[in-house]
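See below for the structure under consideration.
Letters A, B, C and D mark the chains in the order given here, with residues in each chain numbered from 1 onward.
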Amino acid sequence: MTIEEVQNQIIEEFEIFEDWMDKYEYIIELGNNLEPYDDKNKTTSNLIQGCQSRVWLNAEMKDGKIIFSADSDAIITKGIIALLIRVVNNRTPEEVMNADFSFIEKIGLRENLSPTRANGLVSMIKNMKAYGLAFYSKEK
Amino acid sequence: MTIEEVQNQIIEEFEIFEDWMDKYEYIIELGNNLEPYDDKNKTTSNLIQGCQSRVWLNAEMKDGKIIFSADSDAIITKGIIALLIRVVNNRTPEEVMNADFSFIEKIGLRENLSPTRANGLVSMIKNMKAYGLAFYSKEK
Amino acid sequence: MINIQKIKQDFPILSQKIYGKELVYLDNGATTQKPIQVIEKLKSFYSEINSNIHRGVHYLSNKSTEEYENARKTVKEFINAKSTKEIIFTKGTTEAINLVAFSFGETFINEGDEILVSQTEHHSNIVPWQMMCKRKGAKLVVIPAKANGELDLEKYKLLLNSRTKLVAVAHVSNSLGIINSVKEIIDEAHKVGAKVLIDGAQAIQHLKIDVQNLNCDFYTFSGHKIYAETGIGVLFGKEETLNQLSPYQGGGDMIKTVSFEKTEYADLPFKFEAGTANYVGAVSIAEAIKYLNNIGLQEIENHEKELIDYATEKLLEIEGLKIIGTSKHKTSAISFVLEGIHHYDAGLILDKLGIAVRTGTHCAEPTMKHFGITGTIRASFAIYNTKEDIDKLVLGINKVKLMFG
Amino acid sequence: MINIQKIKQDFPILSQKIYGKELVYLDNGATTQKPIQVIEKLKSFYSEINSNIHRGVHYLSNKSTEEYENARKTVKEFINAKSTKEIIFTKGTTEAINLVAFSFGETFINEGDEILVSQTEHHSNIVPWQMMCKRKGAKLVVIPAKANGELDLEKYKLLLNSRTKLVAVAHVSNSLGIINSVKEIIDEAHKVGAKVLIDGAQAIQHLKIDVQNLNCDFYTFSGHKIYAETGIGVLFGKEETLNQLSPYQGGGDMIKTVSFEKTEYADLPFKFEAGTANYVGAVSIAEAIKYLNNIGLQEIENHEKELIDYATEKLLEIEGLKIIGTSKHKTSAISFVLEGIHHYDAGLILDKLGIAVRTGTHCAEPTMKHFGITGTIRASFAIYNTKEDIDKLVLGINKVKLMFG
């Protein structure tokens, strides 16, 4: 599936929720089920300091694809991280670099990406793309 | 006449004016007729620097009374100076020290005494009283 | 008796619906809402009076100036300063503290001198002193807090010495709501000849302030936290001390005469008000003070005391909720954490319920560090809050617990 | 075509009567009046949106933040900056210049360095540099003006040298209304590696500004002179340069992390915005810009050109009237003196006729000194002024001449 297809899939999944409660309960579930993050990767350089919640992001190359893993101390942030990873994980640097994340807005979570830097997600997206660019440049 | 009597006299004089034009024309006349100020007294220490017009004020003791003389580069300021001098000239330090100048407000010239420091008149009144106090203290 | 329902109606924003729910605004520590009286004053000022102050000889300019200087008088009376010369309008508490840090620093601070701030300060009462200390080679010394969030006055006394030049402490800590013993802090500092700045950003809207009685050297607060506009604040300083300080910013209105060879500064308070003052902001502070005086400061204090007592009682009934800062001397703000639930998660869900609280470090990272936490949920109250607001908060927290349980 | 009568109706204050006479407001250089759109925006913001920005996760806080950051975007587009990181909100031009003087001084200025300012600057573009030069042991050098008030660019070029670190010049001089040749000034300064600050306080409301085209390093202006609130202003700075500067004020919102051991500053633009920003002020600037864009900047420029040409012609017909600053490159302000009549006297009488002009030194004493005078009468125009206003001014001046004749 392309990035766009995954995003559309997520948008469809979210269409069934009748109210914000259901939606957030699902995000909390996603957060709770996020793949465990290796504690040895909780380094300062992997840390994204939001004002409110902290995010750790790690990226590795495997067979020409980027493998992301991430964590946060807040569950809702983790839930959204799970969605982001689902979209760009195991993809080529070029794909990651050019990814758009417009689905976040479409599923009504835009307030979580406000420029307040509160949860670190805006920076996380930036960093994901930066990884894409970095690995892409290295390959050349 | 007491200071109060002079003030009342001035207030009466101003009652005849029908509009601001007449009033200001009278003040301009007073300004033009203000006793000439001795140029040798245009010293920096006698200068009161308003933002707009400058005022010079000189005070001397003669037979236990204070003799004021003053000047300004603006005519309207000079006209008001003429009124102030008429009220407190040739009086004892104690009288000057305790003088109130409420007539200014009563003849509708309060805007000329705004705290904008524009014309230096507020400082001039302060300085007149300060002279009163200084000479009074010296006498004791 | 104070009629809160009537007061509430003075605040148009409180009838807003958030996600279709009635707004429960408990973020008053961040900023207070504005009564219609203040909002209408802005409108009438800009529609009828507005003109630059201290500058023109014309009618509107005089009128604007008069309103501005009357606002200064209103503030002077509100905090019982000796003279309007002691009231400097700034853009807020932060600027006021920066002003003192710079000007006091330039005038009085030498290498090796010490500045004391407390463990529980807002960043705005830490960073300006750090910057100044760095520039001057002075030392920033921390007054430690006790486990309950109160300042440790015994240790404070031991820290004071002849090198101590200034002590900067909040009247009420913004992250904990604790009322510090400022009177004692001030008196002790004066014994070693140090000056004291009290950051009143969280006190002025809740407690009756008397700067002469406190005998502080500087007192600061922000308009936007006392029901007035953003972009305006107040620095009180004792006339004698302010006179000694070198000016902070240079520009129009703060000078007597300017030439390239020699510039003479104006007298107080103008010396510290460079550029076009936010005269409309100042007028809005005066209007807000008038509003508060009409209600009565004692009435306000009583009402807010009732609120915090009620909130404390109700919150403590919630299992897994822990109040941060358990001193008995508090006003109008309660910080707490929920066991196993991140403050950000809690805040997000409360928001969806129409309840506005603040979560995070509250610009007080060293305070969080003191308690070994990364943040709290803070509910902070104002005159228009009611016990029902607190009931709704409690219901909301229970919902949060359910969702993350 | 621009419909001035309709525009005039947008400004409620213009229908005021002064001493029973229609207000003729010609003191726009000091501050402009506010259109109802801006006034209503303040009201609706405080009634529906207000909450502290960057601080909460709740709905209103996000909404406030969004409006604030959108205002930044609006300003960025208005002056064609490259990025919103280059737009710092300050309390006004004066603060913006003080910020640069301090931060640039701390970072770049050493003993013996030189700062150039012109003979015809506003005090706000002189005193901050004097203060900084004094602190740093640097030298303030004056770019001389010619007899007609234009800057002497030949002499300017001779003053530039490798010690020149910064040149600070007004885009339009406030006391004369002269448009300085800033493009040439900037290009020449860059040749010796100096940075350039342009004080745009009197330009932004009259001319289309393009900071990329100008290639200036800093550009400053005040909200209250561009139909917005008092207490808010803008500093534009090139991202690269701003990044190098040390911060100015410390406090909340300008930090990444704070501890007593080490404080890390936030990224641009927040690094220079300590404390609660005047977000309502910023929103009012955005609203004012929207208003101007709706009318059309070219339309405004044309209208104001017509006004100044008409005023110049009519004033020159008055015997004994001398225009101060006779350059052909002027906008929206005319300064003049009347033979044998003090400017204060003239201003007072004009005021009684309902005509608001500014008299005095216009916070530009060195400019007055250059012309050997103690002050002028200045009529300054805005979009809502008409030829009738100028006719009334002319009538007023004739009356003044009669009274003092």
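Here is the rule we use: contacts are C-beta pairs under 8 Å (C-beta built on N, C-alpha and C of every residue); 3 or more make two chains touch, one makes a residue touch a chain.
Note that the structure is predicted; figures quoted are calculated from it, not measured.
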Query raised in the report: What is the distance, in whole Å, between the centres of subunit B and subunit C, each centre taken as the mean of its C-alpha atoms?
Result: 45
Requested in this report: Please report how many Å separate the Cα centroid of subunit B from that of subunit D, as a whole number.
Outcome: 38
Report task. State, to the nearest whole Å, the distance from the C-alpha centre of subunit C to the C-alpha centre of subunit D. Result -> 30
Query - Multi-chain contact sites of subunit B, meaning residues that touch two or more partners - result: 51-52, 118-119
Report summary line: Shared-interface residues of subunit C (touching two or more other chains) are 19, 55, 57, 59, 61, 257, 344, 347-348, 359-360
Requested in this report: Classify the chain contact graph as line, ring, star, complete or other.
Outcome: other
Query raised in the report: Which chains touch, pair by pair?
Result: A-C, A-D, B-C, B-D, C-D
Report summary line: Given the complex, residues on subunit D that touch subunit C span 12-13, 16, 18-19, 23, 25, 27, 30-31, 33-34, 38-39, 42-43, 46-52, 55-61, 91-95, 97-98, 101, 106, 122-124, 126-128, 130-131, 135, 140, 142, 222, 224, 229-232, 247, 249-255, 257-260, 263, 274-281, 344, 347-348, 350-351, 355-360, 363, 365-366, 369
Query raised in the report: For the complex, which residues does subunit B have touching subunit D?
Result: 20-21, 24-25, 28, 51-54, 73-77, 112, 118-119
Query raised in the report: Across the complex, what residues on subunit C touch subunit A?
Result: 19, 342-345, 347-349, 352, 359-361, 374-375, 403-404
Query - Complex contact set, residues of subunit B against subunit C - result: 49, 51-52, 111, 114-119
Query - Touching residues on subunit C, where the partner in the complex is subunit B - result: 53-55, 57, 59, 61-62, 65-66, 69, 256-257
